[in-house]
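Scrolling down, you'll hit the structures one after another.
Paired with chain B in one complex and with chain C in the other, chain A is shared by the two complexes that follow.
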Partner chain A sequence: MSKTIDRTPTPPWPGEINDNHVAGFTRRSVLAGAAATAVITIGADTPAGAQPAESDRVIFAKLSAGLTGVAHAKLAPSADPIDVKEEYFRRVSDPKYAAAFTALLQLTRAANLQIPGGDTDGVIPQDKVDALASKIEERDDIKFLARSIVLMWYLGAWYEPEDLKKIAANPKAEAFPTIISPKAYTQGWLWRVAQAHPMGYSDMQFGYWTRPPAPPAEFIAVVKPQGN
Partner chain B sequence: MWEDGEKFIPLLDVMLPGGAKPDWKKRAVPPACRAQHDADPSLMVVQMIEESFNQPFRTGPLIDQNNNYAIFDILMNRAMFDLIVSDKNPLYSRALQASEQNANLRVDFPSGRSKDDPLGPPGHGSIMIKVSWKILAGDDDRSKFHHVEALVAMPTTEGQQMDPPCLRKTLGLIGFHVVHKTQNRPQWIWTSFEHKDNVPEQRDIDAFRSNTDPNKKGPKYNFYTLSCSDSDCPVNETPPRPWDPEPANALQFRRNSQGQMIFNSQIVRTVPLTEATHVINRQFHGVLGDNVWSNYILIGTQWPSEFICATRRSELQGAPSPRTDFDKQPDMNCAPAPTFLANSTLETYSQGEIPQASSSCMGCHGNATSYIRRTPSLNDQQKPAAANDNERRRQMFMNQSDFTFMLEKAR
Partner chain C sequence: MADDDFDVVIVGSGFAGALIANELAKRGKKVAILEAGDGIPPNINDYMERFYKSSAKVPESPYTPPIFDEPARGSELPRSSDPRKMRAGRPTVLTVSAKDWANPDKSYLVHEQTRDGKKLMPFSSTYDRIAGGTSHWLGTCLRFVPNDFEMKSLYGLSEASFVDWPIGYEDLVEWYGKAEAELGVSADVEDQKYLGVHFPDDYQYPMPAIPESLTDRAIRKALKNLNASETAFLGMETAPTEIPVRNVPAARNSRPYKGRRACAGNTNCIPICPIQAKYDPTITLNEALNHKHVKLMRHTVAREIILGSDLRNVTEIKYTRYSTASNAIVTDTIKAKIFVIAGNPIETARLLLMSENDGLPFEVKTVANRSGMIGKYLMDHPYYVAWGQLPMNGEQVWPYRGPLITSGIGDLCDGRFRDSRAAFRVDIGNEGWNFVIASALDAADPHVTTIDFVNGMDRNLLKAKHAAAGIPGPAPTKALYGPALARTLNQNISRQFRVGFLVEQTPDASNRVTLSRENPDGLGLPRPKISYNLSPYTRRGIAAAHQFKDLLFKHMNATDFTRVADNDPSGFDEQINGKTVRLNFTGAGHIMGTFRMGTNGDNSVVDSYQRCHDHDNLYLVGSGTFPTGATANPTLTLAALALRTADRIAKRV
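Showing the complex of A and B:
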C-alpha cells in the first residue's frame, strides 16, 4: 500500500507564512480572502508595553541563531517550507530535558537578543551572544544542552548532553549521536559553512562544480542583492 | 483554451524534424493524419513521442480504467516562442544551439510585467503549459470534462515500416501545469490543476471501506477502482513492461491472449491537499458555478519563497533583460514552497517527500540545460585570467536553460 503523508497540524511559528499548515492564517487563506476578517495584528499598532511575550519557539530560534552564528532569517525564515526548526524544537522539548531547556529559554529571554535588520548581515552580534554564553556556562545541564543544540543545527544529529559532558571530561570518551531525520541530514549547517552540500543532496545550480563556490556569507548570512 | 493555437503552440511544432524553422501559424500534421485533418482542420493534432505517454525520467505510463493510455503534451506561449526563433540567437535546432553564434549564450526568457512596472513594457511574459488528457470512452461523462476532438498520431516504434496510425479521439482534460515567469519570481511560479475525479486520497479510501452499507457506491475515479482490493490492485504501481503503445492496439494497453485487460493504474494521491487548498477550491467553484471548470481543482502552487534570493539579478554589465541568468548560489531555486509538488497524472510515480527523488517542480527544472556550448576561447586552458569581477562573470559558462527542458527537445 502506498504510504501517505501525515498532515498533523503544527502550531505556526509567529509571523510565519507556511503553505503546509492547517491553521487558518496561511498564505492561501490570505489570498482567498478567508482571513479578511480574522487578521492577527502582531506588533504594528500595539503599544510596546502590551506586546505579548515571545513564545518558546521564537526564543528557541533566537537562541539557535545566536549560538550557531547563522543569520536568524536563514534558520527561521518567515516562509519556511522545509521547517526543520520545528523538528529541532520538538527534539529539545523532550521531557527529559525540561528543566535545562526551560532554564535555557529563560536565560535567552533575559538576554533580550535582537535580530539585526536593515542593511546588516542579520547575524546577532558576538558580544551579545558572549554575554548569554557566559550565563549558560554557569550550569552544566544548561551548558551541555546548549552544545547539543548547536551540534543539532550543524550536523542534523542529536548528541545527548550527558555524552558531551563525558567528552568534555575525557576527550577519549565516545558519543553515539542519532541522525534526527532525513530532512535534518540535508539541512545541516556544517555543509553550508563549508560552502558545500551533503552527500546525495544539493540545491546548487547545474554546473556548480566548475565554478568557485559563493562566499560563506551567501550561505549563512543575509546578503542583499546589489544593483537591482 | 490553448487548443485553438492562438496563444500557445505545442513543443513539437517548435522543435521540428531536421531543425527546421518553426512558424507560429503553422502546425505540423503527421502524414497519417493529413487526410482527416484536411477534412476537418478544427481538430487538434497531437503528435506522440515517448514523452507523450511515458512520464518524466521514464517513470512509466498511466492507464485509465478503460484501459487507455493517458496522453501528455507540452506547449509554450508567444513570448517563449519568439525568443526561441529570434534571428540573433535562434534555438530551435541542436545545430543552432551548439553553433558559434550561440556560444556562451545566457538563456533568459522574458518575465511578466505589470503595467505599472517602470522597468519595461507590460506583458504576460513567458508561460509554459503541460497537459494530461484522457481518452473519453465507455461510460465517461463528457459533460464533466473540458474536452476536444483530436487526431492523435501514435508514436513511431523502432523498426516500424509504415507511419503509425492516426486516431480520431475525444480527449478529456485530466490535469495541467501552468508555469509563469514573473518579474519578481524569475524561478517561475508553478501551478498544477487536476480533474477532481482523478484519484482518491487515503482518507477517501478508508472512509469508503469503513462504510458497512452493503449497497454503498463510491465515486468513480479516473485512475482508481474502489471495489478492487490492495492485493488485487497494488497502489501506485507502474504497468508491466513493455510500455510502448502498440499500433495494433490503438492506444489501449495490451491485453492477454484471451483479450482480457491485464492492468489499469490504481493511483492514490500520496501527499494530501492542504486545508487551505480545499478552501480556495471551494471559493473558486462557488464563483464558477455550473461550469465545466468546476470539475477541476487546484493541487498547489510552488513558488520561490526566499524573497531576497528571488530578487537577485545578474551583475554582468550588459546582461540582457530580464537579467536572470547568472551564477545562482547557494540555492538556485530560492527555497521552493511547498518543497514538493506532484500532479497525480503527470508525476504519478514520483509523488512523496523524499529529497531529490520526489517531485519538485523547481528541484527538477532547475537542472534543465541545452546544447549551447562554451565559447572556444573561454575553454579553461585558453582563457586569460579575469581582470575584474565583470570579466569573471562574462567568462562564466552557465548552460542553464531557464527552468525549461524544451531546448533539450530540439532536433
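Showing the complex of A and C:
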C-alpha cells in the first residue's frame, strides 16, 4: 500500500501566526468566541479623530482584504487597470443592502485595520480579522452580506445574502449565483488561493501542470525579492 | 452556383460533416452543407465572454443559442431555451436534470417514463446544433481495441445483444492515422500499444504526448503494487498486480500544429479551449469553406429526405430556413448527386423517421428503414463518477491545473470478464471536484467547497468526514474568514481529485429514438422521444467500476466522498459481494447507435462505407453507425470512418 506523508515542514500561511497554523483555528475559534462576548453596539464606534476619514471605498478594500485573507496590494493595487473592486463596491452599494453595508463599514472603521507593510507579506493578520469577524457575526444581515462579499472576491459571483441565510438554515435549499461580469470571473481569488487559475483563464505555459505550483504567497501575498 | 448543381449535399457540419466536406472540397467537388444552427463566428471572443459570464458552466454554455440570456427587449422571439419554441432545439445539461428531464415543456428530449412497467432513466448526454457541432468535446482520441469490433464472435454467447462490426481494426488502421493527422493528436506510439492496438512500423503520432498531471502520478503510484487477490474481481485472464496509467491521446497540441498554439493548460477543454490548442471541427470546416465550391447554409433545418420514383435514390432534401431576427421561415428543397446525413445519432434518426414514403416496400415506411432499425440501439458510455480526497497530512495534487484529462487506465477495456459484465475505461480528472454529479444543482465545485467554509455549511461533507477521522478542522457551522479561510480552502482543494468510468453499453433494441408528434418544436416538427435504460450486463460493469474505485481509493489512502443523491433519476441498486449498493451514472456525451452498420439490409441500415443498403446515393455518417460502442470515446473512430467514406464518395462523383 502506498502511503506518502509529506514531512517537509509547511511554511506559515500568509497572514497566519507561525505557531498557530497547524491546529490553529480551533484555538482562534475560542478567542473569537471570547471576543464576541464583549458587546459592541453598532454605530457607536470611535468617532473620527484628528485624522481625515477614509472613504467608503478605501474601507471596503480593507474589509475585503481582511475577510478574504488576500494581500491588500493584490486585491486593490495602487495601479489597477483591471479594477474589479469598483464593480464590487457598486454591487454592494445597492440600496437594498444599505443598512447592512453601512453597519459593516462602520465596524471596519472601528476595527482600524492596518495594511501590513515593510517586510511583511501584506496580508492582514488572523487576530485582527477575527476581532472584526466576531463583531460581524453578531448580526445576521451584516454577516451574510460579509459572506456575500467574500464569495464575490473569491468566485466573481454574487450570492444574495438572503440566499446564503436560506441555505445556511436548510442545505437542501438552492442559491443560484450571478456571475458579476466576465472580468470578475477571471479575477476570482479562490483559484489563486488554490495555487491554480480560473478554468478557461490562465497565463501559464505548456507543461506547468507536471510540477508543483509556486508557493501560496506567490499567488495571494506580497513577495519581496530574495537576496541582497 | 445554381441550387441543383451540387455534387454532394451534407446535412450537419460537425466532425463527420466537416471532415467529409473538406475532403470533397480538396478534390474539387461542389458541396452544400446544411447547418441547423448558427454559422462560424469571426472569432471565439463571444463564446469566451458567454462562458465566463455563465452561472452554470455546462458544456453548452459558450455556444449559441445562449441558454441563459433572455431575448432582446422588444424581440418577437421566444426565450431561446424553450424547447417548444426553438427552431433547432437541443438537450442541455440543465434540462436533463433530476427536476426537468421528465417534463417535455422543459426538456427538448421527450423521455418515456416507463417501459413494460419498469421505470426508465434519463438519457443525459447532450449535443449542440451549431456550425462545428461537438466543439465542446474533451479532445480524447482513443482508438478502439481490436476485439471491440468482434463482440458477437468473442462474447456473444453470453450477451445476446452483441453484434460484430462488418469491418475490423485492420480495415481502419490507415484511416485512424489519417484522422490523427487531421485532428492533430498528441500521444506516444509505444505507450498506446496494449490490448492488441498496433500501428504501422514507422508510425508516429503527429505530436509527442501531453505530459501527465500530479493527480495522474498519485494514481499511477497507488496502482503499482497490488495483490492478485484484490484484483481477482476484475475477471482478467490473470489477476494483475500492477495496473498501468497511460497517457490519453488527445487532439490538443503539445507543440504548435497547423498554425495553432500548444496547450497552455487552461483546464477548460470542455466546453472550450480559449486558445484553440484543442482541435474542433470549425478548423476543418473553415478550411473546407476556403474552397469556392463549398457553401454553408446556416439556420437551415433538414426536414425530409425525398426519394425518386425508383425509391433507390434520393433526389432532394426538403429544408426550412429560419431568421434569427424574426419568426420568418422559408421552406425549399436542395438537389445533389449524393446526400450525406451527418447529424448526431438522435437528430439523424429523427430526420430519417420524419422522411416517410408510402411507396416503400418496408414494414416501417420511412427512408432507409428496411431493417426497421432506425432509432434503435441507442448507446452512450454510462459514466460513473467517483471523487475523493487525499490525506490531509499527506501529499497535495493541486487540481484545476493542466488539460482536464491527461491520463487514464485502458488496460481493463478487454478481457475474459466481457462474457459476464461490461468493460470500463478510467478517466483521471485534473479538475478536482468540479465535475461531481451529486453536488447541489445550484453550483458546481469549487463553489460548493468554497461556500461550505465561507457560509458555515457542509454540503460536500468535508467537515463531517474529517471529524469522523479525527482530523482537526472548523466546527460544521463555523464561517471562516481571512488567512484561516484561505489556508483551509487551499489545504482541502489541493487534495481533491475525481475519477470517471466510461462503461460499455450493450446495444439494446428497446433503447431507442422515436418521434414525439405531440411535442413539436418551434418549426412544428416532432421532437425526439427517447426510451432509455441500462441492461443488467451494463449495470454489472458499473458495479465493477465501483469496486475498482474502492480498490484505488484504498491504495491512495483517500477518503471517499462519492455519493448518489436521493432524487437521482439515474440511481439504481446493485448487489456487490452480498451487499446492496446504490449506484448511478451520467451521460458521457458519447451518443452512438440508431443507424447501425452491418453486412446487409436485414441486419443493419448502412454498410461499412456508411452507405444505406436501401438507397445508393444516401450516406449516414457519424457514431450513429456504430454497432457496438466499446469504451473509447467515439470521435476518433467516427472521424476515421468519415475519411474512409469521403474517399469512397469522391471516387463516385
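Keep in mind that, in the parts below, the second predicted complex is superposed on the first by the 170 of 228 C-alpha atoms of A that agree within 3 Å, B and C clash if a C-alpha of one lies under 4 Å from a C-alpha of the other, contacts with A are read in each partner's own complex, and residues count from 1 in each chain.
As a convention for this text, contacts are C-beta pairs under 8 Å (C-beta built on N, C-alpha and C of every residue); 3 or more make two chains touch, one makes a residue touch a chain.
A quick note: this is a predicted structure, and the numbers were derived from the prediction, not measured.
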Contacts of A:210 with chain B and chain C, given as first, second, both or neither: both
Touching partner for A:174 - first (chain B), second (chain C), both, neither: second
First (chain B), second (chain C), both or neither touched by A:201: both
Partner chain(s) touched by A:151 [first = chain B, second = chain C, both, neither]: second
First, second, both or neither for A:79, with chain B first and chain C second: first
Per-residue touch tally on chain A - higher for chain B or for chain C: C
Touched partner set for A:164, first chain B, second chain C, both or neither: second
Contacts of A:218 with chain B and chain C, given as first, second, both or neither: first
Footprint overlap on chain A, where chain B in one structure and chain C in the other make contact: 1-5, 21-22, 26, 28-29, 182-183, 186, 195, 200-208, 210, 213
Residue ranges of chain C touching chain A (in the complex, touch as defined): 48-49, 51-55, 57, 211-214, 221-222, 224-225, 254-255, 262-268, 272, 274, 391, 393-396, 398-403, 406, 430-431, 434, 440-443, 446-447, 450-451, 454-459, 472-475, 477-490, 493-494, 554-557
Complex contacts: residues of chain A adjacent to chain B: 1-5, 7, 17-22, 26-29, 31-34, 77, 79-82, 182-183, 186, 192, 195, 200-208, 210-211, 213-214, 218-219, 222-228
Residue ranges of chain B in contact with chain A within the complex: 201-202, 230, 235-236, 268-272, 274-277, 279-280, 283, 300, 305-308, 311-313, 315, 327-333, 335-339, 352-356, 363, 366-369, 396-400
Complex contacts: residues of chain A adjacent to chain C: 1-6, 13-16, 21-26, 28-29, 66-70, 123-126, 129-130, 132-133, 136-137, 143, 146-147, 150-151, 154-155, 157, 159, 164, 167-168, 171, 174-179, 181-183, 185-186, 190-191, 193-197, 199-210, 212-213, 216, 220
